[in-house]
Structure formats: C-alpha cells, structure tokens
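I've put the structures underneath this note.
You will see two complexes here that share chain A, one where it goes with chain B and one where it goes with chain C.
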Partner chain A sequence: MTQNSASKDQKESGQTPQGSRQIRELDQANDASLPGGRTTQPEADAAGSENTYVELRHVSKSFGDFKASDDVSFTVEKGKLAGLLGPSGSGKTTILRILAGLETADSGDILIDGKVVNDIPASKRGIGFVFQSYALFRYMTVFDNIAFGLAIKKTDRKIIAEKVNHLIELVGLAGLGGRYPTQLSGGQRQRVAFARALATEPHLLLLDEPFAAIDAKVRKELRGWLKELIQRVGITSIFVTHDQDEAIEVADQIIITNRGHVERSGSPLEIYNNPQSSFVTQFVGQPTVIENPGRFKGFRRLGDKGGKAVLRPEFISVTKIGEPLKYVITAEDAVVEESYFRGGDFELRVRVNDQLLTVNRPITQEPIRVGEQVKIFISSLYLLDGDKAVTVMNESLSNRSSIYEI
Partner chain B sequence: MARKKTKSVIPGFGISFGVSVSILSLIVIIPLCSLVIYSSQLTLEQFFEIITRPRVLASYKVSLATSFIASVINAVMGLVMAWVLVRYEFPGKRILDGMIELPFALPTAVAGISLAHLTVPNGPVGAVFSGLGIDIAYTWVGITVAMTFIGIPFVVRSIQPVLENVEGEYEEAAYLMGAGRLQTFFRVVLPEIRPALIAGFTMAFARCLGEYGSVVFIAGNKPYETEIAPLMIMSELQEFDYPAATSVALTMLLMAFVILFVNAVLQSRASAIVSGIR
Partner chain C sequence: MKIEDPKAVKWTLIGITAAFLAVMLVLPLTYVLFTAFRSGLEGFVAAVTDKYALHAVYLTVIVTLMAVAVNVVFGLYTAWALTKFSFRGKKLLSTIIDLPLTVSPIIAGLIFVLTFGRQSVLYPYLSDLHIKIIFAVPGIVLATVFVTFPFISREIIPVLNAQGKDEEEAAALMGAGAFRIFRQITFPHIKWAFMYGVVLCTARAMGEFGAVSVLSGHLRGKTNTMPLYIEILYQGYDFTGAFAVSSLLVVMAILILIARNVLEHRSKAQYLKNRRKA
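This part shows the complex of A and B:
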C-alpha cells in the first residue's frame, strides 16, 4: 500500500474523509520516528474499495444530548466477517442498528452493495439480524421460528419445509425442529437465531454480541463454528463485541469504536501490532500503562519529563540470574511478586523501578519463584502522545552500534 | 438399605404446607362447605326446583351475558391500556397507572351510586345517550358499564408484567423479517401475552359474575329483565329462605369454578411451553 494509491482512491470515491489514509506496513510500525497518522479518523481498507459491500459515510446519531454515533465512516468488503469492537457504551450496537434500519441516522449515508439505503425500510435491505438475546419467539417451535420470515412472504409450504429443514441441518440441529426455544441450551438457541436470520437469504448478516449470552466453554467452540459457517455460506457479516479475543479470533477486519466514533479499522494483526491511537493501544492486548517511561533502561532518550507509555507482556522477556542475556546493558533488575499458572505459561508480576509489570514465561523454561531476583528486558513500548501512540524500540535494538552481545 | 432422605434447600415443607392448607381452609374451603351443608337440607328435587325457577334462570342469563360482554370489553380495552402504560412514556403516566386500581379500592356501592347518577336519563352522561335513544341506567347496558368498571384492573394488571417482558427485540425481529404491524401483533406479540390475557379475562369474568354492590344501584332490578344472580341470593336471604339462597349461591360457585378451571387448563399449556417442560 502506497500513499499514492491511497490518495488516488480518495479522489475517486470523493467522499472518503481521510487525509492520512495510510495503511502502514508492519515494519513501518517499528520506526519510532514515523509520525502517527490522524488516528481519530477511520482508515478504510483502500484495497477493498472495488469490492466494498457495506459503507458508512459520516453517519451521526444522537439520543438527546448523547452522541451515540459521531461521524462514523468505514467500509466492509464483500464476503468478509467484520467485528465492531469497543467498550460498552461506545456506540457499536447503535452502528449495527443503523445499518439494519432499526434506527435512522441523523445525518450521513449508509450504502449496501453500492446503493444508498437510508430510506429503504429494514425488511427490504436484505439483512439478517441476530439479536443479543436472540429474540426467538417462545411460542413457536424451532421450525416455525426459522420459517417465520418465509411464511410472512407467503412462500409455498413445500419450499418453506425444504429450506427450513436444510437450515436446521446446516446449523446442526437435525431432529430438534419440533422443540420450543425454552427446551434448548444457550448454544442451540444461538444456532436457531442464526438459522432464522439466514432463512430469508440475506446478503448481509448482522450479529449483536452473538456470544454474550453463552457460557465460556461453549462460546469458544461456537466462535469457530460461526466463523466456519459464515465462510461456508459466503455472506458478508458484521458482528458487535466487547471481547477483543473474540474479535481477534473471529473477524477478518476489526473496527474499533470509542465514544461514538471509529478509532481504527483494519485486520486484527494490523490493529494488534500497530494500534496507532492512544485509545486502541490501551484497549487491545494486555496493556499495562506506565508513567515516565524514560526511567527504564534502554529508553533514556525519552527523557525524564514524564509522559505515559503502554507495555504488553510480549514486549518483556524475563530471565533468571545466571541465564544468558543478550542485552545486559539495557536489562533491568526486578523482583517477582506474584506468579499465576495460565496453562502454557506462568504469568508473573514483577516489580521494576517501583512499577509492577506483567510478563509471561513458558512452563518449558526453568521455573521462577515468587520473591526471586530476575533480569527483565523491555524490547519496545508504545509511547502515548495525545491521542496518538508511537512504537519506541529499546536502544539496544534500534541503535545497532550500541548492541553488546555476550 | 434405608437411604437418607435428601433435604430440600428450602426447609420446612411440612410446616409451610400445613400453614398454607390451614389458611386456605379457614378463609376459603370452610365457608364454601357451609354452602353445601345448608343446601343439603334440601332434597335433590327441591334443589333443582329452586335453581331452575324462571326468575332465577333469567337472572343467570342476565349475569352471564352482561359479565361476558363486560369482560370482552375489558380484555380489549385492558390490553390497550396495558400497552400504553408499558410501551410509552408520557406525563401523568404514574397517576394513570395508579388509577387503574381505583375500582379495587373504591367501595363498590359508591361506584354503583355514582355510575347510576351519571347515567340516568337526566344525568350528565345519560342525557347524551338518551338523546341518541340509548338508555344506560336500569338496563343491561348499565349493568355492563358497572361490570366493566369493576373488571378492568384484572386485565390490565395481568397483562402489564407480561408485556414488560416482551422485549422490543421481538417486534424488531419480526419487522426485520418483513412482518407488518398486524402480522407482528397477531403472530408474535399476541401469543406471548395470550395466557395473561386469558387469565385477566377469566378473572374479570368471574368477578363480574359475583359483583353485587355496584350493579344493584344501576340495574334497576326489574324481575326477569335486569335482576342479576347475586341479587336473587340477596332476595332469598331477605325472605329468610337460607337453603334457597345457598342453592343459588352453589350454582354460581360452580360457574365460577368452571371458568377458573378452564383458565387453569389453558395456562398450564402455555407455561409448559415457556418453562420448557413437556
């Protein structure tokens, strides 16, 4: 992706707002000197502009004084599974409801398949919607629930039966068509809701917190199932979630919302590795916010003037005293205060310079006990600067001449 | 071999069940049994003779017909009122909500007298209707009006909590699948509230059948025309014919029982679907 093609694309679409529409390559993320883009604006995936299926342009919506959506713009490519991720109250469900036609935007355009659908009623937009509570009709059997949309359209009974039975099989509920929703487990209900949303053969599937009402164990299993099924059906889908693991695991594209506006849009890897905005940096991953990052070895050039930075466990490595250490000069002395077993690793809380940091150590390495003196090495951090965040590498890594190898 | 009985989480089934049965006996079953005992002083023939007297039969007809009409009106109007109270916010909503219960709180005689006063041909409301050729007071219409007044809280209060649980998402789901307003109402919302609606209807119906205080003032109490069944009991009592009074009462008890039984059967089916036990 070059700056060139991005700006050309901008001219073509005419409406896209970003002046700083760079999709930055991952290696660029490592360059601390690169100025951060205007992170408060969404970055549409320029590569997908020909293939764009859903587009929101400057959509705003207020409920009284509360701005639920504030100049929201993003695009989703055909056949992709996009996740709207944000803390509760960040306006992600409102965006979904505006897309579905359950709310009307105060301003802005909603485009589906290149057509402005602002004035098209919800039922004519070709949308399947899965509600957070599933909203299954309690007094209808599974079969009748799935058949509802078709029955409303006065479809021939035989065709209905054929389609519904196919869907029941597709979602793995064969033989349960005669049951009522209350006789099903949470996971099964979600499958019914999913089948019902697909029955009218929509081109766009919207899911509001699809896994929120399911217990943790089944949730993981259903995520994989849903992703696979959506790929199999080949339907463009947008789901809302507040769980970043869910978004990272399931989505092809993540759209991060905060206080009614889109902070960031991109692939999960892009967003994770190059969060760019201060909000996203403090939202994704397992962030620890530290004050005055200049006091850590390897980051002295940040000065002693304070400031804030975000550290993730994967930026920190921990070694026992006596274990070989690559960058001795920029390693810090630390004391292990807490240790939690997390399956594959131990999650350690270590105190460095009066700062508690989280770091993972694989169980395959020699165990570290609570109270032990260790060495830690911080390879990089995200320096927060206003609403931007930039990556700062450890001096040992960014300045080749200062590497002391042992 | 003897297995230890597993104890229930909530202790004292024995005690609480005993209390329930005692209270039920004291305030419901014993008074009702006295009806049977009084009536049993009569032979079966005498009993049937009393409960099939033409004047008594006419009163059943008046009572059943007016109660039924009043309950149908209540079911429809109560549903609308519950809908408005649940789904919309408007100034004075709390006051309106509180007023629903007034018919419970008001002495029924007060209601009857004021309704009669309003609806007599030269009363404020009656004058308008008599101009249209409709007499309210001292006719079936008047009886129905009084019964509607009495029965409305039953319907509103049984539908309200159920309707509150019918999420807006239900309607939205139906709407997204292309259902119009009427289709959404009849296929999605009505099935949800039907059990409550039936419960409200039958309770109002049973209550209207037994209503005495408010009705006698507006009914005019013309024999064979506007005499209600409870009035027949009252008049037998005034003639100190206790067995006759209890015979009529027993018949009414039977009617009320049948109505509530039908309700219970319908409810149990609905609750089986909702609770997932079948």
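This part shows the complex of A and C:
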C-alpha cells in the first residue's frame, strides 16, 4: 500500500483511539524522515470510537451560490483541543457556527456525545462559545457578564457569586468584577469572554479566532494560558484560526479546511511532517514552491519532465566554502542574496539554478555575508502530484533508485 | 478680511441661521401669541376653555397616546425583525416602512377612506359589527398611526445595525429566551434612540393634519383634533380662538422639544461617563 492511499483511508475514517495515537504519531514522524518507510498506522474505525465526542458527517451548507461547507466530516475526541485551520474564507467559522447551532446545515449530521443535535436549538445544546469579537454584554459588568448564563439556569445567588468569583480569579481578573467591558484591555476582554463561556460548565467549548484581536505579544502569552486552562478544566474544545503557528502550538489535533471542505485532520506533528495533500503541503510550514525539481542535484531521477515541488527551510542546509560537507556530490552551488536576522538564526535567501530558496543558519555558526558563494544541500522535498504530495529524499540519503517505492 | 478667517465664517453662519430662524420661526410664533392675547386674557381663557376646544385637546392627547402606543410596539418589532434576521423581501419591507415619510398625508387619508369607506368590500362586515372607522375616532387613530409609524423604527434600526448580532447570539447560546435577550441585551442598547423616536412620533402625531382631515369628517366636539379645530376657527374668522388654541399646541410642542433635549443630553452624558471610565 502506498502512503497516499493509506492517508486517504485515515482521512475518511477520522481519528483512531487515543492509545494507539501516540504510537502512530511517532510512526508518521519516522515515515516522513526515513527513506522507504512504510505507513504502518493501525486502521481503526474511529467513527464508532468511544472517545469521539464531536462528529460531523457529510455536513454541507450554502449561502446562495457560495458553498461555505462542502461535505465536511471530521471527529474530535473527548477532552481534546482541536484547531480548525485554513485560509480566510475556507469555511472554518461556518463549521463552528453550525456546531453551535447558530447556522443550520443544509444536509449532513452533527453529533455531540453520540447524539444527533441537528434539531436541537443553539440555546439547548449547552455549548460554550467565545466570539471573535468576544460579544461581551457592554451594559453589564464583568461579574454580570459571567453570571448571565447561571442566572438563566435559576442558580442560587450565593452559588452564582461563588462560581463567578472563582472564575474571575481563575482567568486572572481578580478585582475587576465591577468593571464594564469598555474599561478592559483586549486581553482582559478575551479572558472575560472565556470565563463567561465556561461559567455554565459546558461540555464543549468553541472559540472563533480567539486571539485575532489581540496584539502579538499578549497573543503568545494568552495562547499558552488558554491551552493550560483548557487542559486543567478538561473540556473538549474546538477553535478556529488562520494562523498555523497558533494551531501547531495550541492544538492536539488540527483540521485543515480549504474551500469549504476538510483537507486533512490529524495531530500537528502528523500534519506538519506528512502533509500528504498538495494544498496542505503548500499551506503549512514555510513553503517555497519550485518548478521542475528534477534539475536539482540529488533529485535527477525525477527527470526533466517538469512538475512542481515544495521545499521548506528545514530541508535545506547551507555550508560555507571550506566547511566540511557530508554529501559533496549532491550539494549545489549557491549565492546568498539576502540575509535577515531572526533572533535565534539568520534567514538567508540563496539563489540556486535560478531559484530563490529560503534557508536558516543558526547564529552560533560562522556568519555568511550577502553575495557569498555557498554550498547548499537539499535533504528532501515534497513532490506535488495532482492533489497529492509525496516525500522525495535526496539520492545521497536514499539507497533506492525510484521514488515510487517510497 | 480673508474668507478663511474662521471667526468671520463662524459669525456669518451664525448670523444667517439666526436671521432665518427669526423670520421663519420666532416672528410667526410671536404673532401667534400676540393674536391669541389680542382680546385680552379673558378672550384667551374663554377660547381655550370652550367646550369644543377642550374636547379637541382631549381627543388630540388620546389619539397621540394611542398612536404612540401602537407605534412603540410596531417600531420595536420591525426594527428587531429588520436587523436581527435575514429573510427574503427584507429590503422591500425596509423600503415600505419609509412610505409614510414620502407619500402625501392626504393620500394616506384617502387610502383608509377607500379601505374602510362605503365603497369598500369590508364596509358591510364592519357595519354589521357596528364598527365605524371613517369619520370617527378609530379612523383618526389609524391615520395618525400610518403617518407616524416610521419614526420609532427609523431611530432604532441604525443603532441595532451598528451593534451587530454577536451579543444576542452569545446570550442565546447561554440559553436565554427571546424576551430576556431583548430586555437585558438589546433594550439597554437602544434605550435612548427609542425614547428619541417616541418623542418624534409624539410631536408628529399631535400636529398631524392632512390624513386626519380626510378621515375625521370635522364633527365638532366629536372628531376634531386640535389642528382641525384650529382650522375651523380660522375659517370662521375667529382669529383669537384659532391662535389661542394654536398657542396651546405650540406650548405642547415646546414641551416635547425640551423632553427631546433632556434625553439627548442624558444619553450623551451616559456615553461620556462610559468613555471616561474606559
């Protein structure tokens, strides 16, 4: 069985139980880096898995002529934090709103905890929702905002006060309960929105671009905070983002959407190391699309038939002339055209065979100047083949002669 | 003197506005009061305490209250429907609401005469039920409601549109019902715009002449509102009476204007208070 057909099966069957998951992650990581590695993932039928908490089955939704969701199917396990990742307009938010009951699917089933919830109104689904705009009630104090859901459930006043104060403390806003939303910073509002969504102790938390409206520095801090808090509360959560760093850093599982359908679902490591589809390959990481990959040394066996491939900076190493070189035969000559200091390393733009490539060099190594002649070595690339993407190793690393045996 | 001199521009503009208002508003109003008291205080008192005059005041207040009450409900519902939901024909509905602002009040009156009058298909049923609409109080109320119905919804719609649906959706997701959402989330937001709409609606309802004129039948002591009564007095060359009752209507209008300014001031103060705290 080839890697591609295996991945297709996996995509359709959704998630495997948690236990085998860890192992599979490692397997897949190995698959991507080892030449000739076969996919040995266990083909568990996840649709019936005990751990599945949220499931979408062939959900479609159109707004006029626009297909916002096109046969969307995926599953999320109980207690996991899943990220819906995709470019803007790819239908992520629609999926979230359908799950919450704020939009009605044209066809397909939505299952939460094993029950079809298609006909259950939003107010009865018991879902916590954090809006992109936070949607805090602007005429209510922080306390009243968080207490709102509890007051509806006719909870005893004392218990409400206790719970709300506990939540205010939990999200680090102690002493700010009497403030109005307009008197809070963006990060603080986000925390209130989060506390409010958690107040009624929902079993599912949905977050729409939770960090989009926050400046970069606070965002980074809030991400870690959110992940930790969600793990502590142990609530199944799905968040929408267009920022892959955010998804990779925060999520246990990433669901990649493109033009209304799900391209791929899996752990961040799986998706990063084994993107499988052409779209995902060109979306995650820091991809450079190159034409005619057969012209690069080490990939001659791809022939001169043209085609496209994707390179990432981590696939390329750069060495100064005179530095020891492991694979001399398959190293290319290159000229450094640009150099950017990125803190931990330099990001270099090098020209090889008329192709500009991006490569990183740690600052601990001897610096390379702009205009300098260097050697680069491409360890692997993703060959794009229609909708698919296949890993191709450099000949020096692979003892096989044909890619089709990978 | 340069034309760009802001001080000169400022005082020129103020001067023009003041002169315009003096000629168009202050002078006529002064003349109204002057004529009203021309035959002395006694004449004025006699004119406004006249049986028919009192009834006209009474009818105007009643009609205004009813029209405002109907339009409060109608205005809130329409504004809610037009801003919180998407549906087919929404644009059309939104346009139709503005119709009373563009159509002549006379036509509005005639529409109801045709709908409920003798030549209408509804007339036999209505007369069987002993319901009299044309040349009676219900007709006047109908006409007034028609003419004033855009005022409240038109004030609220922009505010609701600016607010978006997020807060309501958030409340709904937490299990809140429609009434609670309206009371706790939506209404606090539109409160001042709503009250302003009520003020405008009241002012217009009190002063409505055209549509009411067509439907009322001008029955003294029965279907004459203040504007109609004033016209009758005027046509009868009773200038003192006409202007005395007019001055009453003017005083009522001024009271409404004051109410409007107080509301505006309050909403501004509340806005500034929130801003300052932020």
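Here is the rule we go by: the second predicted complex is superposed on the first by the 351 of 406 C-alpha atoms of A that agree within 3 Å, B and C clash if a C-alpha of one lies under 4 Å from a C-alpha of the other, contacts with A are read in each partner's own complex, and residues count from 1 in each chain.
By our rule, contacts are C-beta pairs under 8 Å (C-beta built on N, C-alpha and C of every residue); 3 or more make two chains touch, one makes a residue touch a chain.
Because the structure is a prediction, the values reported are computed rather than measured.
Clash or fit: chain B and chain C on chain A?
Verdict on chain A: clash between chain B and chain C.
Looking at the overlay, does A:Gly149 come into contact with chain B only (first), chain C only (second), both, or neither?
It touches chain B and chain C both.
Answer with first, second, both or neither: which of chain B and chain C does A:Ala334 touch in the superposed model?
It touches nothing on chain B or chain C.
Once chain A of both complexes is superposed, is A:Leu99 in touch with chain B (first), chain C (second), both, or neither?
neither
Using the touch definition from the top, say if A:Leu302 reaches chain B (first), chain C (second), both or neither.
Neither partner.
Touching A:Ala389 in the superposition: chain B (first), chain C (second), both, neither?
Neither partner.
Residues of chain A that sit at the chain B interface in one complex and at the chain C interface in the other, please.
100-102, 122-123, 127-129, 131, 133, 135, 137-140, 148-149, 152-153, 180, 182-183, 196, 200
Under the stated contact criterion, what part of chain A meets chain C in this complex?
100-102, 122-129, 131, 133, 135-140, 148-149, 152-153, 179-180, 182-183, 196, 200
Which of the residues in chain A come into contact with chain B in the complex?
Going through chain A, the ones touching chain B are 100-102, 122-123, 127-129, 131-133, 135, 137-140, 148-149, 152-153, 180, 182-183, 196, 199-200.
So in the complex, the part of chain B that touches chain A is made up of which residues?
Within the complex, chain B touches chain A at residues 167, 169-170, 172-179, 183, 187-188, 191-192, 194, 270, 273-276, 278.
In the complex of these two chains, what residues of chain C are touching chain A?
Residues 164, 166-167, 169-177, 180, 184-185, 188-189, 274-275, 277-278 of chain C touch chain A in their complex.
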